[in-house]
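To keep things clear, I will list the structure first and then write my remarks on it.
Note that the chains are named A, B, C and D in the order they appear, and that numbering of residues resets to 1 at the start of each chain.
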Amino acid sequence: MTHIVGHFINGKIINDTAHTQDVYNPSTGEVSKQVALAGKATVEEAVAAAQAAFPEWRKTPVMKRARIMFRYKELLEQNRDKICELIGSEHGKIVHDAAGELQRGIENVEFACGAPEMLKGEYSKNVGPDIDSWSDFQPLGVVAGITPFNFPAMVPLWMFPLAIVCGNTFVLKPSERDPSVCLFLAQLMQEAGLPDGVLNVVNGGKEAVDTLLTDNRVQAVSFVGSTPIAKYIYATATANGKRCQALGGAKNHAIVLPDADLDNVVNSLLGAAFGSSGERCMALSVAVAVGDEIAERMVAGIKEGMKTMKVGPFSDKSNHFGPLITAAHKAKVEGYIASAEEQGATIVVDGRNPSVPGYENGFYLGGTLIDHVTPDMVSYQEEIFGPVLQVVRVKTMQEAMDLINNHIYGNGTCIYTRDGEAARYFADNILVGMVGVNIPLPVPVAYHSFGGWKQSMFGDLGTYGPDGTRFYTRRKTVTQRWPTSEVREGAVFSMPTLG
Amino acid sequence: MTHIVGHFINGKIINDTAHTQDVYNPSTGEVSKQVALAGKATVEEAVAAAQAAFPEWRKTPVMKRARIMFRYKELLEQNRDKICELIGSEHGKIVHDAAGELQRGIENVEFACGAPEMLKGEYSKNVGPDIDSWSDFQPLGVVAGITPFNFPAMVPLWMFPLAIVCGNTFVLKPSERDPSVCLFLAQLMQEAGLPDGVLNVVNGGKEAVDTLLTDNRVQAVSFVGSTPIAKYIYATATANGKRCQALGGAKNHAIVLPDADLDNVVNSLLGAAFGSSGERCMALSVAVAVGDEIAERMVAGIKEGMKTMKVGPFSDKSNHFGPLITAAHKAKVEGYIASAEEQGATIVVDGRNPSVPGYENGFYLGGTLIDHVTPDMVSYQEEIFGPVLQVVRVKTMQEAMDLINNHIYGNGTCIYTRDGEAARYFADNILVGMVGVNIPLPVPVAYHSFGGWKQSMFGDLGTYGPDGTRFYTRRKTVTQRWPTSEVREGAVFSMPTLG
Amino acid sequence: MTHIVGHFINGKIINDTAHTQDVYNPSTGEVSKQVALAGKATVEEAVAAAQAAFPEWRKTPVMKRARIMFRYKELLEQNRDKICELIGSEHGKIVHDAAGELQRGIENVEFACGAPEMLKGEYSKNVGPDIDSWSDFQPLGVVAGITPFNFPAMVPLWMFPLAIVCGNTFVLKPSERDPSVCLFLAQLMQEAGLPDGVLNVVNGGKEAVDTLLTDNRVQAVSFVGSTPIAKYIYATATANGKRCQALGGAKNHAIVLPDADLDNVVNSLLGAAFGSSGERCMALSVAVAVGDEIAERMVAGIKEGMKTMKVGPFSDKSNHFGPLITAAHKAKVEGYIASAEEQGATIVVDGRNPSVPGYENGFYLGGTLIDHVTPDMVSYQEEIFGPVLQVVRVKTMQEAMDLINNHIYGNGTCIYTRDGEAARYFADNILVGMVGVNIPLPVPVAYHSFGGWKQSMFGDLGTYGPDGTRFYTRRKTVTQRWPTSEVREGAVFSMPTLG
Amino acid sequence: MTHIVGHFINGKIINDTAHTQDVYNPSTGEVSKQVALAGKATVEEAVAAAQAAFPEWRKTPVMKRARIMFRYKELLEQNRDKICELIGSEHGKIVHDAAGELQRGIENVEFACGAPEMLKGEYSKNVGPDIDSWSDFQPLGVVAGITPFNFPAMVPLWMFPLAIVCGNTFVLKPSERDPSVCLFLAQLMQEAGLPDGVLNVVNGGKEAVDTLLTDNRVQAVSFVGSTPIAKYIYATATANGKRCQALGGAKNHAIVLPDADLDNVVNSLLGAAFGSSGERCMALSVAVAVGDEIAERMVAGIKEGMKTMKVGPFSDKSNHFGPLITAAHKAKVEGYIASAEEQGATIVVDGRNPSVPGYENGFYLGGTLIDHVTPDMVSYQEEIFGPVLQVVRVKTMQEAMDLINNHIYGNGTCIYTRDGEAARYFADNILVGMVGVNIPLPVPVAYHSFGGWKQSMFGDLGTYGPDGTRFYTRRKTVTQRWPTSEVREGAVFSMPTLG
């Protein structure tokens, strides 16, 4: 019998078999499991469990809440291998890549351990005569997270540890493509000492999502996914009166200036463009070379570097990256390559139809390098989300910046240069939320926050870090004056010397 | 010829007479002016002016931007009388009340003067080996404010000084009921040295609002008004991809415990309930007495206190409060009083049909006190926004808190007690954003932030203060590593003694 | 052969037997070990090891430094029993008390885990045209800690985890009365992954201290002990150009108002006065009753409560507290009791010469309650540091506050009342650094900071928490402008719409 | 009769003629006034006035205190000419330089206007079950400032506005060389609305200083001056139990790398080395050229630039800088030039005996450029504090950094380069508190803080900005729990839906 990936509600695994969907092992192309698709009633049950757990949890001193996160970090580290196996078998990413994903997730748990400091309110003595005022940052209640397939462990770990340590209770709806790891992450929270009901996981599709977006008990929604869905989530959650942060797609450009350290450019672009098959919202998918001279050398270098790159199943650590998530997605990416070719670009390295012996049905696509891409091409305008690096050639740095600033996305970007002024001008004026200087994947560390600009994020506050803390709390301001006290009987303060 | 209140776009007054609407003097009931109603093209002109002014303004060092606010504070203080006259003649509030409103507004300008400190980003050395990362808080671009009639100076001053000092440019759409003061406030900004186009004012109605909500160049919308409109603004602005904060209505309760200082209760409730005719979103409109004994004494005290209260035209400083904003609104408030009476409440003091000799056509309603109100009454469930104080009697503090927590609004609230534990329990557990302890109008000072809970505010971040600063900026995170430098030629650091 | 407690330098235990001193087991009164007393050369060796370890350690990314603290927390928890045994056998405190001390220490390690957030610097874009400025908080270099006998684990844990996570290297000089636990704490840091030389422990007396105070390589000194020594440390370290924080003695008063919850008063004073034999700088040693009525009831209640209190050896968990640290200290405390008696106070409960069968040579003194103490008595003016609670009776709260404000110490204090106004007035106007409201031992949690006022602390910044972080770092401010770049070739920024 | 510069105590000018000292006009070399030298009794009177004013002032709401600073800023701007005249006539600096000094001082007043935000304490809900804790930053009481001749307006404005807005009262002891401007600054504070006694000015010498350092009522001392005196102040104030920050001398180096923008180097060094006759603790007095090629070009460029530089009386705006402060100081600076010559350096431009027609007795020294200076020369090792720029030639950047890191001072420094890596390495590893990248005088803006390292500052916290705020306040931590309330009668919280 096929294994069913169920839900985790109020501390118990619920194997709901009414509606299910296939879960694939992308490395083999075979269906490996079934995932339960929660209906409205099941989601409401999870919300009810979270609602019921809230009053006690919010009153639990933050130091105690944080201590569960300390314990959780230990458990995540102890279960590293199992987590990476779960990620690889459903997502396809190689173990070193899964381990990196998990490590980034753990860093967010580490940040959550600092909640006592982060949650300090603002205290003002004597805002008026004998009147004090303070602002406290209180949890919201039940909050929901809806997460994508491409980082099945990391993105959930961006959300629920922080939301929970702030005193909220949580309902997580992971991607139905690779749902197993989230269930396991939730069970480890329980093992770390989290009371039942504080964290719940429901698997499902649109019905589950819509239930979360419209249920009055859900106070806030965090989403990471594609831009069209992000727009829908943002519009729907807010129309229902909720606060919402919805992170969408990207088209991340690197500008390569003539004075760049070319070895660094080549080496770091290989990882940034093809790592995790390019299925990252921070993948570096466009290299903009300023001047033909650097363009030629860069393309030659990358082409050379790609010779050593190996695509294959997640279980073989010698592979650089694994399959795409589905056959359909693979076809879509191949379509972008074909369209670039048709629209006049040069396919320098063609990754289509790679040979992966023994895994002929896996959803593989090799690394692909395309030169002479222009802004009018479909492959330039849309997010590809595959192992495809495109090169655009321009004459000036300004032309390169205009390209980026005119693109609809504004997630990440990077410049390669040694020049202080060029880097500073770029970082200041580029309309992108996360900027690298000689760093192709400028994902902010856990104690900063993640968030794109333009169509890459909807909402005021980024995810994780200080922004995440603020998103998961709301300000309550108390202003207080006491009537004169008979108990005190007219104490009059006489100030002696302190020395 | 009737005076036309026009727009202020790119540093110039625009007298657009295509569509206009009457502006009343509520103290006399007469039409005193016409206000221009901007069509789509005019609003777009204002947005274009703001957009054009943005690149220079964002680059202006924050200390220079702040210095314009220092100068603006001086000008507001120098023009106090004129501003109060403009407020009174269109809104109807008495000069002492208008002066209080202006003072609160000036405090927000004072806060804006501290922008250099507030805008500091977060800097992290060595997030990895020789890698630094920092987050900068950059302005958004063009932002819009839509403000209500009841605080025609203060609410705009909550918004535009802070938005502008953060480096944004601004389009303000004030209430069409009392538009003149905003035009003058904008002209004073120009006098303070603000470059043309940074602050623009457009008068208008729904068409103007909708243009702001849908124009792609507008990055963010701040709104204060009623809850139905707030919901519309929030849903529409966010559906258009913008960030939005929308503040709505209120029903602010005071709990009066048996150990309260009754003199303080009576004196402070008189001002909090009837000041500005109750047309404040922080007006204290429900007093919840715990126990009949304190209820009797409180009602008697308030009734006695109301005998000295005087309603009349804004121009007479001896009046305690002035007329309502329109004849229609007056009729609506009278309707609530009638409904309470019909539903079984006791009208202790009836303010209907007050005598205001010489101002018979003014929109006057005297202070009204209603006892034995119950939660099922319409007058309890809805926001009245008039000089009406209702008394609900309960048996326990818990019953009182349940009332508040079950109401759809959560703007302000207050408890009267001497008891530390009761106050602490109340402040912690009440589902209201702004809480007073023996303070009936707990409007946060300018260096905290204003924001209700539940249906009283939509969005993550309150208005003004630290929240406002965060709302008007977005995080950009830069991560930087430099390639090894030939210039440096292998410097190796040898650490000597510091002593 | 007697066991020697040596030093821990550069990752190795150094058994230096040149000069030694007896270490007692206070529960039996017997010498159990010898502690090495470091001479100048040994201390300098430790400083040199710390100095040598500094350059690498300061460059280690803070997240990596913090991860050692995460691991250290786990190790401290795993070694709880052994640590408590080490504390008890040399200090004499009962295991539950030792466990409490350790827990407080662990909380400081937890705080240190949040260093990445705490160490963020301040970043300002455009302080002038195209000029940026940021302040970074860099470690100092070698810092020293000198710690007292009464919290042999907790006080060192206040200091070295935070100093080290900030990037400093450390030389710790623990009390020579109970030195073993510190050596073990240092070895656990090594096990947690700390590089050799980053934390060093030297045992010793005045010569060791003076070497640390005068060595130019030591940048800062943290001290906790008695006020005369604190003054000496502060004056000597600063005269040698170092930064210094020196925490001294205390005389902590509780004011008991007539409306206090007497059960709470009695129960909490028993623990606060007699716990750890009163050998705590936060021990509550003076109860000031306002009015004879509450005084009588309080004294009767405490007297009754003391009947169940048991003094005895550290190894018996049923004891409430253990012996004093030395025979000499026991004699000193007895002297204070005798002097109070002579000066006219009433010995309500006399703890002298308690019976502790089987431990006749232990340094025991039972709980002692003294009433009718007056401010002119020696036992009132000086710190007793023993299980002695004195009661002073006054007529008004003001009289009680004047007592406290006129005392030379200002470490901790407390008020017992239900009245909001009395508590607020007290907290605002009392010249004491750590204030309790119905809390007798108001030791700040690890994420606030510890520090008394007046003669209880010398220096600007308290120990641990945010103050400790600031003490262990120094600000470096960088101001940067880049010359125009040829690389950039005149990029001119044109701002498109963000939407 | 000669004009007497007296004291300002408790709101009144005190013309104390018992002991006086000559005040010169350095531009003419003539005695222009007498300054009163306060004895112990006069200083104690000032301290007593400050002590008496403290209780009311500390209770004044911070927003009201800040408003006096807003008004003070206006008055300083209105009195700009008079202040510059006072500075010039006693110090000798040209009006444009005095105006710059004043502007920097005003920026500190602007920062002080933001005190309501800066003084916010830290608030933690539920540090334990129903226990809250907050830290408040309270003023210290009476604090003293002792300021140097070289910035007679700016350095006092670094101190007293911030100390006072924090709630302290202040006694200022300005330099006896140019005392008049401080008296006037104090009178303007009174005009701005400051209550009498909050700010007091005493003129005097060592007796006045020692009285401040030893008086038990003085809680803290801020000092700026030379290193030997700073050491004395720090040791003495701390030995008397006070907190102290003492800023001393400097030797600020610029490293000029081969890729520097030479025009910027030359232009900015001219101002940084010779401005204000080099009598600035941030003066750039050593240029370290990396490589002979850049050294030659730089020396030639500076020599050329110096041809247009003009020294002369403060009253002539066309002068670039004015006289030195005294004849004795002029002789001392000339001695350093002579010693450099004797020790083998090359005097490229010799500014000794300049011609200033009509001002033959003024204390003039022209700009002097010395090449081939080596670290063993006295003129290199000591602070010159005159218009002398010395050039050291090295072969590598590391050699240049070693020079700086081995010097006893660590106030300011700068690097000239276009290279991101070189700048980053320099800023990170240089043992100097204030670092410029292509900026020769990296004085932090008012919202950062000023402080050198090594022998340039003693104390933990820099002056002005956030550090100054922290220096002038002390943390008080309150921990609060309320006993169960009868008033509340068992309220039990039931959480409804927020939506």
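We take it that contacts are C-beta pairs under 8 Å (C-beta built on N, C-alpha and C of every residue); 3 or more make two chains touch, one makes a residue touch a chain.
Just so we're on the same page, UniProt names per chain: A, B, C, D = methylmalonate-semialdehyde dehydrogenase (CoA acylating).
Nothing here was measured: the structure is a model prediction, and the numbers come from that model.
Counting C-beta pairs in contact, which chain pair has more, A-C or A-D?
A-C
Averaging each chain's C-alpha atoms to get its centre, pick out the one most distant from chain B.
Checked the centroid distances; the maximum from chain B is C.
Can you give the whole-Å distance between the Cα centres of chain A and chain D?
47
Report, in whole Å, the distance between the mean C-alpha point of chain C and the mean C-alpha point of chain D.
35
How many angstrom between the C-alpha centroids of chain C and chain A?
For chain A versus chain C, the centre distance works out to 42 Å.
For chain C, write out the residues touching at least two other chains, lowest number first.
Those would be 63, 116, 120, 122, 124-125, 127, 135, 241, 417-421, 423, 437, 445, 447, 453, 466, 480, 482-485, 493, 495, 498-499.
Note which residues of chain A are touching chain B in the complex, please.
Counting only chain A, the residues touching chain B are 122, 124, 127, 131, 133, 135, 220, 231, 234-235, 238-239, 241, 243-244, 260-261, 264, 418, 423, 427, 432-439, 442-445, 447-451, 453, 455, 458-462, 466-467, 470-471, 474-485.
Spell out the part of chain D that touches chain A in their complex, as residue ranges.
Contact set of chain D toward chain A: 51, 54-55, 59-63, 116, 119-129, 134-136, 138, 140-141, 215-219, 240-242, 417-421, 423, 437, 493, 495, 497-499.
Under the definition above, what is the set of chain D residues touching chain B in their complex?
63, 66-67, 70, 73-74, 107, 110-111, 113-114, 116-118, 120, 125, 130, 132, 257-259, 396-398, 401-402, 405-406, 410, 417, 419-422, 424-425, 428-429, 431, 445-447, 453-454, 466, 480, 482-485, 487-496, 498-499
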